[in-house]
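For reference, the structures are reproduced in the following blocks.
One chain, subunit A, appears in both complexes that follow, with subunit B as partner in the first and subunit C in the second.
Up next, the complex of A and B:
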């Protein structure tokens, strides 16, 4: 009978342990908001994002309406939290790029539609679902991914992502 | 004390999106969810039939319940009878039912309803439930924002009732009207944003019109507005309202406005 080498058992155990202790997490979110050009509007989004417990800092480029949100360690936020809060302020997301730990996208909620998993310590991913891109872009994406069963379901619990790095 | 309490109550319950933050009309956009806008609108209008000015003070509070629905309460204080008297109040709800947003632009539609009560004497053919008549108004708003310019239009139906308890609505004048507004707003300063603390300056022009449905009597006013936004949170509006054309009796059509507005986020 073939025995499994001890070092593999140890590696397996460590992997399990690592997966259990480290939260799948988003380190940073770069949000480009749509539908606004005024600083009072930007401030509404700014305040909304800052009100979240897991948000460490928000940097704003008022000329492009881009919000760079730094998040606290070990948060368990999902991309939907950014959509909900930008919409609460009265606006929409035009693009959402997340800096994440590679484990996060191993979760079944994430479906890679473009790009490949790689060995980078942190991945840059863009969410392509409805509400995470402009309406115009979404129409294009629907055509492009018409053969994808999950993409056209518009299930809010799963996220179709493009790996950028 | 009663007046003070009313003021506080009203202060604790108004409008927010810069180029489209018009003074006299509402854009199709709402205030942010869970935010509270507090404003005090003051106006002084020149009396046509007698000498002097007609002063109105209108404190308002606006609350965003969620991204599509907001509520507003207003109180009407005036000196028409030589001293300041609270003559009435108003409640409104606005629902945004369509949004098409793109980078630096949007097109939005909203529907609103307002009910006001007022106990002042009825002294003109113009129907105005924002400070003169008891009644209701319901309408549709369309707003388009393209970069630094916002254009907004409203069409509404307004009906007046008796100003209880002492002033029934006169039988000889029409009690319902169609209102229409067209507003333009442009961000003039800054050309390029550097921080949230920067003061923004918007210039606006609003056209406000009304036609009494029964007899076709109408008016059309123009209202140029200068707006300053401080710290991306507070607002100061200065405006002048002038009658362009009118075929109805109006007691004081021309005057000035001063509005102060503050937003409390995430309450």
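Up next, the complex of A and C:
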């Protein structure tokens, strides 16, 4: 009987692993925006978000001043896409809470600073980096995480997250 | 001036073009828009000083919640015409006027031609006198 060479088994395993991680994704983003003027009084953020290819729907909750963005399956968006587009519309992010597949935060770009990985099917995470919280909150966070090397690096490719569920 | 028929706060169907023959100021707002609510109070004061045979002020709200709209009208003591197009920024009238920010004002002259966008009180007074 012929045996399958070990390297093929390894390649096969890697392919499966790759397929699994490529599905790692953000399902939903809840964005609270801030700025000099009333963020909900402008249609700019809504329009900007809706123009993105991976955006399925944008809902606006006027009671909580939140934009809830539903994203298409199998997208590979990074949290930075929300920051960039809210800023493009002339506003800033006050808070960003993402609903994600647990595999996503296993990626090296994500650093958990609060909360624990758990068995939930979807995780709710908040991004705590500069530009993802209010300036006032960020100042507090810098003091709190002063011993974290990466938090104070302000590397834009690193996302420091708090797991909420 | 676009011919748009909407429901008023006293439950009548009103076409905004039916007031043509005098200046018409269209004010887009919503109850949840803070700057609009401040603007309402200023507009109420301004309207009281204007000659109603020369100008009509029409508020168009894009509130999705009719009760919140009616409450706001009551609270801000607005006594000029109030119409509702209850679909947020997707409201047909808002799209037709190209409203992307609240508040937004459009001043039409007696011939129904748009003469100013977001005019100041002074500009309005100077134009109609």
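Operating definition for what follows: the second predicted complex is superposed on the first by the 133 of 165 C-alpha atoms of A that agree within 3 Å, B and C clash if a C-alpha of one lies under 4 Å from a C-alpha of the other, contacts with A are read in each partner's own complex, and residues count from 1 in each chain.
The rule we apply is simple: a residue touches a chain if its C-beta (ideal position, glycine included) is under 8 Å from a C-beta of that chain, and two chains touch if they have at least 3 such contacts.
Quick caveat: nothing in here was measured; it's all calculated off a predicted structure.
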item: First, second, both or neither for A:106, with subunit B first and subunit C second; value: neither
item: Partner chain(s) touched by A:32 [first = subunit B, second = subunit C, both, neither]; value: first
item: Touched partner set for A:40, first subunit B, second subunit C, both or neither; value: both
item: Broader residue contact with subunit A after superposition on the shared chain, subunit B or subunit C; value: B
item: Which superposed partner A:51 touches (first subunit B, second subunit C, both, neither); value: first
item: Partner chain(s) touched by A:139 [first = subunit B, second = subunit C, both, neither]; value: neither
item: First, second, both or neither for A:91, with subunit B first and subunit C second; value: first
item: Shared contact residues on subunit A - subunit B and subunit C; value: 37-38, 40-44, 46-47, 60, 62
item: Subunit B - residues contacting subunit A, complex; value: 16-19, 21, 29-35, 64, 66-67, 99-106, 145, 147-148, 187, 192-196, 198, 200, 229, 232-233, 235, 263, 265-266
item: Touch list for subunit C against partner subunit A, complex; value: 30, 32-36, 88-89, 99-103
item: Interfacial residue positions of subunit A with respect to subunit B in the complex; value: 32, 34-44, 46-48, 51, 60, 62-63, 65, 87-92, 94, 134-136
item: Touching residues (chain side subunit A, partner subunit C) in the complex; value: 37-38, 40-44, 46-47, 60, 62
